Structure formats: C-alpha cells, structure tokens
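Here chain A shows up in two complexes: once beside chain B, once beside chain C.
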Partner chain A sequence: MSTTAKYYYPRSLAVIALLGVGLWLALGETRLAWWSALLPVFEWMEGTVFGVIGQTWGAAFASVQAIHLLGMALLGGSVLVADGRLLGLLLTDSSASEVQDQCHRLFVWALVLTIATGIFMACGVAIKVYYLNVFWYKMLALSAGVAFVYGIRRPLLRQGLDTVHPQIIKLVAVASLMLWFTVAATGRWIGFSG
Partner chain B sequence: MSANQIIYDLAVWLDTHSQSTALHESFYMYNWIESTHVLALMISLGMLFLIDLRMLGLALPDIPASTLAQRLSLPMLVGFGVMIVTGLMLFYAIPVRTSQSLWFRIKIILLIAAAINAWLFHRRMRAAGTDWDRMQKAPRALQWGAGLSLLFWALIVICGRLIAYDWFDCRTSPIEPIATVAGCLIDQAQF
Partner chain C sequence: MKKTPTMQRNKDTQLAALLASVAVVSGFALYWIIQIQAVREMLALAYG
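And now, the complex of A and B:
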C-alpha cells in the first residue's frame, strides 16, 4: 500500500466525516441553539466601525461589494485553472504540480481579499443576513470549501500527482469546482433575499 | 434630435415589448440571468486576471506567458460571450432606467476602452515574438497593456455594481452636468 493510500485517504475521509458532523450540527435539531447564541455577535457586528461605515456610506459599501466581486473573479480564475489542469482540460502542456502550486498562491490572496471584504459587507447588514437562510448556506459552503482545500485537496496533491489514483484526482477537481460554484452562487443569492 | 433623445426613444420602444416587461417582472428569471452574468465574471475575468498578472510577473511565473495567454483565451472568450448575452438581456429587461444610468454610460465607455486595449495588447504580443516568453515579466509595452486591462476591468466591475444604486437616476433630478451625462430629458414621461 502506498504512503498516500495509507495516510492521505484516511485523512481525507476524516475531513469528509468532520464536514458531515458540521452539516448535521448546522441542519439538525441543534441548529436553533447555535443560531440563537450567535445573535449577540451579529448585533455587535452592526455596531463596529465597519458596520457603521457600511450602513452610513452607501458608496463605501458598494465599492467594497465590487472589490469582493473582483476577489471572487480572481478566486474563480485560480480554481478553474487549477482544476481544469487536473481534469486535463487546461494548460495540459504545463506541469500539473507547477500549475497547482502557483494557482494556490493566487487562491490564498483571493480568499483573503474575499473574506476581508465579506466581513465588512456582513457587518453593514449583519442583522439582515442573520435572518437569511441563504447566508448560512453560504457560510456552510465557504467553511466546506476551506476545509476541503486545506484538509483534503492540498495535502493530497502536495504528495505528488503520480502517487494519487487518476480518478481520485479528477474527483477532487470536480468536487472543488462544485464547492466553489456553490459558494459563489449562494453569495449572489444573498443579494436577492430579504 | 439630440443623441440623448434618440437613446431615450429607443429605450422606451424596447420597454413597450411584452417580453421586456415579462423579464423584468419575473423574479426568478431576472435573478437567474443576473446571477449568470455575475458568475460568468469568475470565468472571464478570472482568466483575464491570470493572464494580466502573468504579464506583470505576479502570477504563474514558470508558465510561458504566450502559452498561458493562448490556452486561457478560449474559456475567457466563452465567459465574455455569456456575460455579453446576459448583459444584453438585463438591459432589455430595464431599458429606460439603465440607458439613463450614469454608471452604465461610464461602464460602456470603459468597455470600449478595454476592448481597444485588448486589441492593442494582442497586436503588441504578436509583434514581440516569443523571446521573452520565459522571462518573469513581459516587455514594458505588454506590462502597460496588462496594467491598463486590470484597471479598466476593475472600474467596469465597480460601475456595474453601482448601476444597482439609484443615486443619480433621472427621477431624482440630479444636478448638472450629471443630468446631461446620464441623458436625463426635461420632459421625459418614463423613467
């Protein structure tokens, strides 16, 4: 049995199990207790400097929204190119591990930008988003995306692509595309809700 | 007849179409189109940003620049195609207000500037050959093109987002010269 099979597959399964527990906590009976406990946090968020700026200056809020979109575009580009390479659809004449490493650097910058601007935006409309189901779906998808990248995708691919079964690589790429598409789509739907 | 009057008349004519009203009033259809328009950003601008950042030496430095530009062009153009189609549909759904939006007009000018910049960029890239392909940064002229492309598209996204806000809508009687630039007419009946 290869090192990958012995160590990284069980690790991936453990992360998937953790995500399942997270989903159960988020969607099961206990969710109301979590949700109620978080209300003071969202009330506090609206009173922060970010919250006050977001509610007072519409132009600032709109500009940050636009930067959030630019961050999403960069994140989308890095995910599409990295996963497109894993699926054998893009940059097939370049080394797959090089593409993964370099796209990951961009992904990190894009993720930091989108999360930072996302926190600002959430502060401006904290109570509104608190009562929106789709906001929590987005948070779930984002948490799953980050856990997937750092708990499954990166550790697995860093070992060298030749040590991982080709079908697993393709499965990872498809899962990654679906996860980040869900993050973007639920984010967009927040704008239409409430 | 002024250009603003012609644009207004055309927008009012589009607004009389039953499909335009149906699209505007359909909650799900309108939102699906708008979501597709925004999500196509992740394909088109995502690819464009990667190409531009590569030219500036800020991303994917080990991949030959012209190879990257060639390979990512197709998905980028597909994304732009989706954005153009959905953008036209969004315009068709709300033609009068959109055609008189200050931000929409700035966005159109920026789109034209970005298209001219892209054309010049490709011309310069062809003229530059491939000697620089493995260098960390592209030649100066291409770097300028990439920088301008990033600037134009960032501004296009900002203007696109601002269209949703009604700060300078004609119904709010904006001050001059904003009213003229937005195309507001003194006796217009529709907004």
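And now, the complex of A and C:
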C-alpha cells in the first residue's frame, strides 16, 4: 500500500518554474526594462578601483585575463573529466564517486577563481560588455551552469550512482557538457566582439 | 510498498534532473540546428 501523505516534488516544480520564467523573459519585453535598469551599475563598475586599473594598466588587465583563462581551463578540465567518467569514457578503473568528489573540489576552486577575475575584467570594460548581447548570453549560461551543478547534478550524485537510472546519469552528463561548452564558447565570443 | 520520504526525495531529484537535462539538450540542439540551417541558406544565396 502506498503512503497517503502528499509529496509535492519541490525540486521538479522549481525546474518547471525556472523554465517558465526563462521562456517568459525570452519572449517578453521585461528583460529590456531590467537591462536598462542595470546601466547605472555598469557605469559605477567602471569608476571603481578595479575599473580604473583595468582601463589604465594594460599589463594588469592582461595578467588577470591570463589567470581567468587558467581558471576556465581548470573548470573545463574538471567538467570534462567528471562528465567523461559519468559517460563511462575515461578513468573507468577508478571509483566514479571518488572521481566526482575530486573533480568537484577542483571545480569549486576554478569557479571562484574564474568569477573573481571575471568581475575584475568586467569592471575594466563594463560599458562595452553592457552593450554586448553575447556578454548577457554568457552570464545566462554561467548562471544556468552553476544552478545545474548545485541544484541538479550534485544532489543527484549524492544519492549514490547505483540508485539512479543509468540513462538519467548519462543525460545529465551530456547536458552538463553542453552548458559548460556554451559558457566557454560565449566567453571566447566576447573576446571577438566589440 | 510504502514510499519513505527519502525515496520520494530521490524520485523528485531524478525527475528534476531529467526535466532540466532534456530542456538543456533540446535547447542546445535547436539552437545549433537553426544556426546551421541559416549558414546553409546564406552559402546557397552566395554560391548557389
């Protein structure tokens, strides 16, 4: 006999709600109002110490950008290895949960490094990136990637790989690769724009 | 069989993972199909 207590599937409902909000923002005009409201923030960013250093001291900007790229490489590497293991493509002789834990530790450090250096770089070119569509695509992809890792991937893997349907694990790995590929690609796209 | 709260939570997490992953994979595939189609049309216009 099944239990009579109702369970409302909060995580699944949150995903549906987020997808709905995403569609509403993509199809409606609200995002333009939000975009306009954010202009003073970007103007303020250019006037901060980071913004002034970024605009006036090319070597500092280039060095921070190099660290940003190293952070991206670390982040991409940890995602590739973790998802490659979930897909059964590499490190198959190592324990999957151990690979996931170690890759996640590296991922966290890489994410902190990338976001910290990214904020510095964005301050230096705040008004330029404000008017670049691809910057907003990257922020959207990054937010989706971080939400996916902490809201979907980690809680799923915490259950234990044996208790999850193998096809769901593979689908999550493919989706994760696609999200982080988009983050990296839009990041390079910013470099070629404006 | 009686479903424990842990089983329900696990099922919820798996369903959420399925929904989110299908959305990401379909969005990604749709974007690239549209992009490739647009490039093919441009190439056809340019070179016949």
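Going forward, the second predicted complex is superposed on the first by the 173 of 194 C-alpha atoms of A that agree within 3 Å, B and C clash if a C-alpha of one lies under 4 Å from a C-alpha of the other, contacts with A are read in each partner's own complex, and residues count from 1 in each chain.
One rule holds for everything that comes next: a residue touches a chain if its C-beta (ideal position, glycine included) is under 8 Å from a C-beta of that chain, and two chains touch if they have at least 3 such contacts.
What you see is a predicted model, and the numbers here were worked out from it, not measured in a lab.
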Which superposed partner A:T182 touches (first chain B, second chain C, both, neither): second
Chain B versus chain C as contact partner of A:V174, first or second or both or neither: second
Chain B versus chain C as contact partner of A:G76, first or second or both or neither: first
Contacts of A:E98 with chain B and chain C, given as first, second, both or neither: first
Contacts of A:L142 with chain B and chain C, given as first, second, both or neither: neither
First, second, both or neither for A:A122, with chain B first and chain C second: neither
Footprint overlap on chain A, where chain B in one structure and chain C in the other make contact: none
Chain A residues touching chain C - in the complex, by the definition given at the top: 1-3, 7, 9-12, 14-16, 19, 144, 148, 151-153, 155-156, 159, 163-165, 168, 171-172, 174-175, 178-179, 182
Chain B-touching residues of chain A, taken from the complex the two chains share: 58-59, 62-63, 65-66, 69-70, 72-81, 84, 90-91, 93-95, 98-99, 102-103, 105-106, 181, 184-185, 188-189, 192
List of chain B residues in touch with chain A within their complex: 27, 31, 34-35, 38-39, 41-43, 45-50, 53, 59-63, 67-68, 71-72, 75, 154, 157-158, 160-162, 164-165, 167
In the complex with chain A, residue positions of chain C that touch it: 1-3, 5, 8, 10-25, 28
